[in-house]
Every structure is written in structure tokens, then in C-alpha cells.
Amino acid sequence: MSEHAPSLKLYVGIWITLMICTGLTVWAAFVDLGHMNTAVALSIATFKAILVVLYFMHVKHAHERMTKPVIISGFFFLLLLLGLSMADYTTRLLM
Amino acid sequence: MADSPVAVAHGPELRHHFADVEQQRDAASLGMWLFLVTEIMFFGGMFCAYLVYRYWYFGDFGAASKTLDIRLGATNTAVLICSSLTVVLAVWAAQNGKRKMLITNLVLTIVLGLTFLGIKAVEYAEKFEKHHVPGATFHFEGTVPGHPDLPANANHAEMFFSLYFALTGLHALHMIIGIGLFSVLTVLAWKGHYTPRYYTPIENAGLYWHFVDIVWIYLFPLLYLIDRH
Amino acid sequence: MATAVITPERENYLNQEYGIKSWLLTTDHKRIALLYLLSITFFFFIGGFFALLIRLELLTPAGDLVHADTYNKLFTMHGMVMVFFFLIPVVPAVLGNFLVPIMIGAKDLAFPRINLLSWYLYMIGGALILHCMLTGGVDTGWTFYTPFSTAFTNTKIIEAGLAAFVAGFSSIFTGLNFIVTIHRMRAPGMTWSRQPLFIWAMYATSVIMILGTPVVAVTIVLVAVERLFHLGIFDPNLGGDPLLFQHLFWFYSHPAVYIMILPSMGVINEIITCFSRKRIFGYNFVAMSSIGIAVLGFLVWAHHMFVAGISLYSALVFSALSYLVAVPSAIKVFNWTATMFKGNISFTTPMLYAFGFLGLFTMGGLTGLFLAALGVDVHVTDTYFVVAHFHYIMVGGVLMGYLGGIHFWWPKISGRMYPEAWGRLSALIIFIGFNLTFFPQFILGYMGMPRRYWQYPAEFQVLNVLSTAGSTVLGVGYLLPMVYLLWSMRYGKPATDNPWNAAGLEWKTSSPPPTFNFDQTPVVDFEAYDYEHIKEAEEVPVG
Amino acid sequence: MSSLIFTLILVFAAKYRKRHGHQAEQIEGSTPLEIVWSVIPLCVFIVIFVWGAVIYFHERTPPRGAAEVYVVAKQWMWKLQHQEGQREINELHVPVGRDVKLIMTSQDVIHSFFVPAFRIKQDVLPGRYTTVWFRATKPGVYHLFCAEYCGTQHSGMIGWVTVMEPAQYQAWLSGGGATGSLASTGQAIFEQLGCSTCHRSDVQGRGPNLVGLFGKKVQLEDGRMVTADENYVRESILVPGAKVVSGFKPIMPVFQGLVSEDQLAALVEYVKSLNAPAGAGGTKVQESKVH
């Protein structure tokens, strides 16, 4: 519902980027980066997700002011769930 | 999922309790986003389980992950990304009052969604054949990646497949709901329900579909690409 | 009875339409609130009946009234019904539904049909749990701990889980509706800082509903698929961690406590200000403490697991964080007390309930501090101390707030006054009965009586008898309001638009309000709790 | 603090009760006051937290040299095995004034070992060991409860802890029908299962030498370091591939489902006993008898 109508060209451009990123993920998975493999894969996934959220889901030009805070708080609480649970699992063996 | 985003939408006319169209639209959009936040947390619980066990049993998870077909997984990722494009084109068409383009893209989305589910079904069938479905008949042999003489623990591999089925199953369920939604929307679009003034259901169903796409964008590397090198 | 205090009945939401269909298909938030009121009261008495049976069994040390399995099912069903079908929806779905749109000057909630859907989901969940009870019930405790729930019990876990799952979506949609409504539907001039604090409380509650409920929903799904399809996610035989279930479960179920208590805190704000004839002391701090509780409430869940086998370090972190969430609660209590300072306090029924709330909540909160202290928790967790603690918060806190609210807004809801003398009497009976029931349980717990015990060593009997005696008093106390409120619907004195001479938009419309709440959309040009500018009534009407 | 609030509420309620013609005095609020009553409770809370945390830390850290008792919980009974070989059900005898460490696991669901008089409680989980310790200071008989709901007879899963004078305790020990120390039982199982063919103490076998292993840091095949505690030994018997010691091949068969929890306790105790100076099982028993 953005006031500036997003162009079809932009959509196709994002789509091509997403496809390239998918190829990149697969390629990167077969390169030995040690422990960095997971980090790289997740970074690419996050980049793709951000593209989809900003452009395909029209968040970049969202009319509704609350959209961004809502999304950010969603991810914030997800990280809380993951982070505080892992706080237990990563420290159990230390005892 | 008990409810569908369609329920967020209202009749074409301005509903009595809203002051103006803009308020109505903003409310629908905010409502949809809040619903997606609950969806994030819904998948989040499963991701948390995945994270814990992957941290504990990294090697065994890697071994189990290797048996997944990376070509099918990557193809499905591409299929979903294409469907996201068709969805966004459908929304654009609705916005600009191009009914034919709207219907074409909605149908394309449904076709791509069904393709995804078809490929998923092929993968599930393969798991049944290989006895990789958790339960009494489960059987797994493999070695931990990077340690050719270290056999992977079959119990932990079974946990991986439990999570695999839970996560992809829940995702597939969302896909099915999404396809159902788009089928309804296609019929309504055919009847000319949507105008540039009123296309909230298309937009909200689109948001839902993109969300399901994003879940897969994460599932693909997390399930298929553990320790492949 | 019908002395002409007001002119012949105006058209309002109650008399606009008649017939079953006009209720079951209504999208009017006020009618949906009444639907909830009926169904939630029904479930309250079911849960209460189980509680009474539990107390009767515990009258004697031996397990002689019911069989052990029956007893286990009783406390499980008591917990499930009370938590999922009473405490979580009670204030938001009844008072919140009725008041949120009116208080902010809206015609209805943002999504009236989803609101109705929420009620139907609640009823479907309720029907499932009733069916589950009638066909065997569940015996895991409302907490569903694995691996007992996944691999050992033979009772109807899946059906009970489904009931909780469906009811969970009912509360998700309620929360979603409230948030959108509060953001998007406020009347002109109703800025955030002019909203009644009840609205802030409902907002904070809704945030928790939206963020927490899905996690418990998916946890229930995982338990169900583990039972149905033998997926092994919590199975220790496959190397699964039984504590993972507890992490996921408490991630929701601890914040759920704030879903229950925050709305009641909201009610207390309205009552105390009105009957002290004063502005709230420190509006911003009270409003922000609601939000603070909602956010911090998500950081403390593992304090339910200090002896469960979590790591020492995470126990330390969760204990420290638990104290942080106590600060906003303390701020609220101090502000309420300060609000009464130099006020002009009248002791009406709602105010008596508010006093009860303050006393019992403070008591519950302080014992919570003991439980959050790691060293003490080891001794008292999983004993009757915990049982007493959460009943002080949930029954003492939530129910006192709810009953206070029901009395306070009863004139608005029904258009009739309740009998004041009976109201005061029942408030007193409930307060006495409550303390008699639950205070002995603190001592029992400290002495070491574990919870969920069907039989117990003889030395605990005296306190158990006291507790059972108290519970009968409490039972009478709860029956009374139901009787006289029903009576008042027909025979009560007709209420004026603003019988308490209270501030707030809900008192500026008629009693009961018209279908769209206001004849004209109100424009708000006054601050919240503007008691300075409200003329003192000649006499507060006392029945 | 609570009494302060209750008093204030009562005083305000009485003092400012409704009077005709009297107006309430409007007060907007006071930020300094808010800060005061936020910060003071916070400080009090921090003190309580630290106090509680110190006790907890103490409770979760068993002292060295404690007598050890293996506890296996099942629906609905407690099975306890002393190092000296005594077995008990729903009863635990301990000497007064001696540190006792319990190493606990469950065969089925979660239970919780709760002795109110000792202020201890610890959940007992299936699939791993949890520990708790105490030192009884007064002879007597104390309640033992299961505190985590575990099914039908949860409230029947109770017993007694008997604290005895050391002399009496010795008498009780020698009076029991123990057939030899727990470690020696473990040694028998160790040989019966054929563990000793690979885990040899004289020369380097195909498996790691277990003498002196317990409590040491071990380097694993993937580079991680872990402490060889009870849970590590347990896991390495049941699922040997999980944490393979650096330099060894993962050839040990899986024993999950083949050894019972009782046998496992004996095996763990045997591995521990290999740390004793004489290097053979059973020395500890003699030591304690000498005292």
C-alpha cells in the first residue's frame, strides 16, 4: 500500500537476487569453512529473508507505522526463547 | 492453524465501526502482521528444539542430514521463491486493477505450491523406503561427516528425522492452507471482487505466503546443509 | 421495583434484538462479553467443584474418599479448567471485551467477527475438555511433564492437549484484536497518556498472549506427535532431554501468570481512583510497569526449574532476572497505596475487593520473592508452599480483581444496581474463606508436604482440616455473588448512567450502552482519572 | 515490607474515609518518590538474590570425599545402593556428621528426591545422573518424599532417612546382607561383559586405560575437552560413540538397553574405584571400616 507504486522491474530484480543467493548457499555448503559454514548459510538465509520482508512484503514503504516494531519485537522474543534456553544447554557441562 | 488470514479481511464496503478506509486497511495490515508474529513464535518452539539437539548431537545430525536429497531441497527452494514472485505480482495486479494478470498469477502460485508439495511427497516416500521414518521400523546407518570410521548414533539420527518431519510437516501444512486460501481468492477474483480500492485479502494472503516462504528459506540450510563439505 | 428513576428504557445493546440467533451470531463486543461471562462462570464452577473434592479428599491423611487415579485426574482437571478456561480468559474476555472499545471511544473491536470466532474457539476447547473429562480425563497435572505425558500415562493427553491448543488460539485472537483496536480505533483526542490504565494493562496482556501462546501450542503439538507418530523429540531413550519440554512449556506458562494478573491490576486502578476520588499517583510509572512486566515476564521462566536439573549458571541468571520482574509489581502496589493518601475513600463493594486484592497480591508477591531465592526455592518448590503462593496470586489477586470489576461495572453491563449490603458481605466472606483455605498451606509447604499428594503423613492433618474448612467458606462466598447478581438483573434498582460518579468514557454513555456504544463519537478533551473536575455526588448510591 | 504496606493501606483507609463536604486532595505523582520505591526494593532484592544464590551454590557443589549412594527411582519406589554394597528400598541409612552425596537417576519418569528436614530437593531424571548432597547433624528418622508428580502412587513413593550414630551405623553396615562392595560388583560385571579385553590397565588396550581416569579432563576426538564425571562414564558405556577419546577408534559396542540402571551404577562405581591408591576395587570399603 505504498504511495509510490513499486515497479515490476524491482520485483524481478529481487527475485533474481533470491535465486542467485539460493545457488550461493548450496555452493557455500560444499566449501570447507570449518565452523563458519553454518554462519555463512544462516547469513545468506537472513539476507534473503530481509529482502522478502522489505520488498515483497512491502515493509520498506509500509503505510502502517507499527509494522516494523511488530516484526522486530517478534524476532526479539524468538531470540530470547532460543538464547535463554541455550544459556542452560551450553553451561550444563561446565559443572 | 485454526484461522486463516482471510478472516482478517472485511467486506468490500467500509465496515460500520471504522471511521474511514485508511483506518480499516491499517487495522487489517497490523492484524495480519501480529498474526505472523504468533507464527514466528509457533515455529520458534520447534526451532528451539532443533537448536538444542543440533548443538548436542552435531555429528549425528550431520550424518542424517547427508541422506537428504540436496537437489530436491534446492529445487523446492527455487520453486517457493518463484511462487513468492508470482504472489507479489498478483498483489501488484490487484493494486493496479489488472484482473487478468491477477488471476494468472494466483493460478501460477497455486501451481507452484502444488509442485512444492509434490516434490515434498517424493522426498517423504523416499524416507519411508529407506526406513528413515521415526518409529519401530526406523533404521539408520551412516558415519559422522569428517570421521569415516565413526558410525553415527542411530537414536540421534532418529531425533533428527523426528525434527525433520515435525518442521517440514508443519511447513507443508501451512502450504496446504495457503493453497486453499489462494484457491478461494482466485474464484473471488474471477467474480471481480477486488478493486484497486479494496484488495486487502490478496495482500494479507500474500503476506502469509511470503512468511511461509521465509520459513523454508531457513529450513533449507538448517536441514539439508549441515556439514556437507 | 421499577420506580421511574429513569425514563422508559432506551434502546440499548441488550434490548435491541432478541432471540438465540441474535446472541450466537452477534458481533457486538458487549454481547460477546456476556457470552463469555456465562461460559466462563460455568467453567469456574466446574473447576471449583473439583477443588472442593480435592479438599474433601485431603481432610484425612489416608486416601479414602476417591481412588488415587481419580484424585490425580481431579487436580489435573482442576488445574486445566482453571488455568485455560477461567484465569486466562476471565478478565480480558469478559471485562476487556466489554470495556476496551468503550473506554477508548470506539464503536467496536477492530475485528468483530474474529472476536466472535474467539468465543467459538473457546467453546470448542471447552467442549473438548468436557468430553475429555466425561470419557476418562487426564492425570498428568496441567503441566504435562514429559516423559510421563508422552510415554507413560494412558489417559487422554491428546484430547486435553487439543482443548488447550484451541483455547490458546482463542486467546491469541483476543490479544490480536485488542492490540489492533488500541492502536487504531481510539477516539479523537484519546492519546496514549489519556487512556485508562485498564487499557494499558490489556495492551500488555495482549502482547504476552500473542508472543507466548504459540510456543505452548507448538509444544503441545510436539507432545501429541510424539504420542501419535512416535516422533522422538523429548524421548530420553533416543537422547532427548525431558527438560526441553519444561523450557518450552514455561516460556509460555510463566508469562501466562501475567496474562492472568495484569488485567486484574488494570481493574484495581479504576476502582481505587474512583473510590478515593483521586487521580492515580504516578500515571506514567503505573502504565510503564505494565509493559515492563509483560517484557520482563519472558525472561524468568526457568525459575520453575531450579531443582529440575538445569545448569547452575543458568539458574543464577534466571533467579536474578526474576527479581527484576518483581520491581514493576512493587511500583504498582506503592502507587496504589499512595493514591489513597489524602483521598476521600468510600467502602463500597468494589473497593473492598480492591483492598482484598492489595493484601492478597502483596502476600502472594512477597512469597514469590522467597521462591525466586535459589536457596529457599530448593526447599519449598513442589510443596504446598508453591500451591499457596500461586493461589494467593491467582485466586487472591485475579479473582478479587475480577469480582471487584464485575461489581464496579455491573450497573453499566446490566443497567441495574447490585444489592450493596450483600456485596459487602460476600467480599468479606471470600476474604476470610480465602485466607483460611490458603494460609495454612504456606505452613504445610514449609513443613514439607509435597504437592499433588493423594495421601499424606498424619502430622499434616490439622492444617489440612483448616484448609478444607476454609474452602467451604470460600465456596459459599463465590456462590453468593452469582445468586444476587442474577437476582439484580431482574429486581435490582435501575442504574443511572454514572452511578459511581466515576471518570472515564464508559460512564459517559448510557447504562446499558447502545449497540454502537455512543450516540456520537466522543471527543476526548480530558485527562485520565480527572476526579478534580468531577463534582462530588450528593450521595453515593448504596443499595 | 509487607507489614508496612498493610499498615499504610489500613491507616489510609481509616484516615481518609469518606466524609461529607470533604474534597480529595489531587496529587499528580512524584518522580523522586517513584525512583526511591523502585531502587530500594531492587537493592533489597539483590541482597536476597545473593544470599539465596550462595546457599544454592553450596548445595549444588558436593564436597570431596563424601560417601556416595546411588539412587535409582522408578514408579513408585526408591532403590538405593551404598558403596559398601548394601541395598535398600525406600529407606536410607546414613551416619551422622558425614557428607553424603547421592547420584540419582530414574528408570521411567521424572521423580524428585526430597528430604524436608535436610532442606534438599533434586529432580531425578531418566537418561542422566543428577546429584545432591547433605550432611545430617542429628540422629533421627526423617521423611523422604517424591516431590515431582510421577503417576498413580506418587504420594506413596515415600520413605525414611535414618540418621545413626557412627557406631550404630557400622553395626548396621555389617549386619546387612551385602555380598561385597558395589565396586566389586561392578568389577564382576565389567569382566562378565568383556570390557576388560579392551580397557586394560597393564598395557595399552584398544580402549582407553581407565585407571586414574575418573575426574580428569579428557581430550576428545573432535578436540573438545570434557571432564570424566559420572555422566560422562555413563554416556560412554551406553552410547560410546558420543564422546570418543582422542587417539581411539569408535569400536566399542553400544550397551544401551543391555545394562540395567543398577548395573550401570556398579560399573560407574568400579571405574571410580580405579582411582583409589591401591588401584583395586574394594579398598574404600576397608578404609571406612578402619575408621
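Per-chain residue numbering starts at 1, and chain names A, B, C and D are given in the order in which the chains are listed.
We adopt the following convention: a contact is a pair of C-beta atoms (placed from the backbone, for glycine too) under 8 Å apart; a residue touches a chain by one contact, two chains touch by 3 or more.
Here the structure is a predicted model, which is why all the values come from computation and not from measurement.
Taking the mean of each chain's C-alpha atoms, the chain closest to the overall C-alpha centroid is C.
More C-beta pairs touch across the C-D interface than across any other pair of chains. Each chain gets a centre from the mean of its Cα atoms; for chain A and chain C, those two points are 37 Å apart. Per-chain Cα centroids separate chain B from chain D by 44 Å. Averaging C-alpha coordinates per chain places the centre of chain A 15 Å away from that of chain B. Annotation for chain C: residues touching 2 or more other chains are 183, 211, 215, 237, 239-241, 243-244, 247-248, 251, 312.
Residue positions of chain B touching 2 or more other chains: 26, 30, 34, 37, 40-41, 44-45, 48, 52, 56-57, 153, 155.
Among all residues of chain D, those that touch two or more other chains are 60, 239, 256. Taken together, the chain B residues at the contact with chain A in this complex read 22, 25-26, 29-30, 33-34, 36-37, 40-41, 44-45, 47-48, 51-52, 55-56, 70, 74, 77-78, 81-82, 84-85, 87-89, 92, 95-96, 203, 206-207, 210-211, 213-214, 217-218, 220-222, 225-229.
Every residue of chain D that touches chain C in the complex is listed here, in rising order: 1-2, 5-6, 8-9, 12-13, 16-19, 22-31, 33-34, 37-38, 41-42, 45-46, 48-49, 51-57, 59-60, 75, 108-110, 112, 114, 116-117, 119-123, 125-128, 130, 143, 145-156, 158, 239, 256. Residues 1, 5-6, 8, 11-12, 15, 18-19, 22-23, 25-26, 29-33, 37-38, 41-42, 44-45, 48-49, 52-53, 55-57, 62-64, 66-67, 70-71, 73-75, 77-78, 81-82, 85-86, 89-90 of chain A are the ones that touch chain B when the two sit in their complex. For chain D in complex with chain B, the touching residues are 221-222, 239, 241-242, 244, 249-250, 254, 256. Those residues of chain A lying in contact with chain C across their complex are 66, 73-74, 77, 80-81, 84-85, 87-89, 91-92, 94-95.
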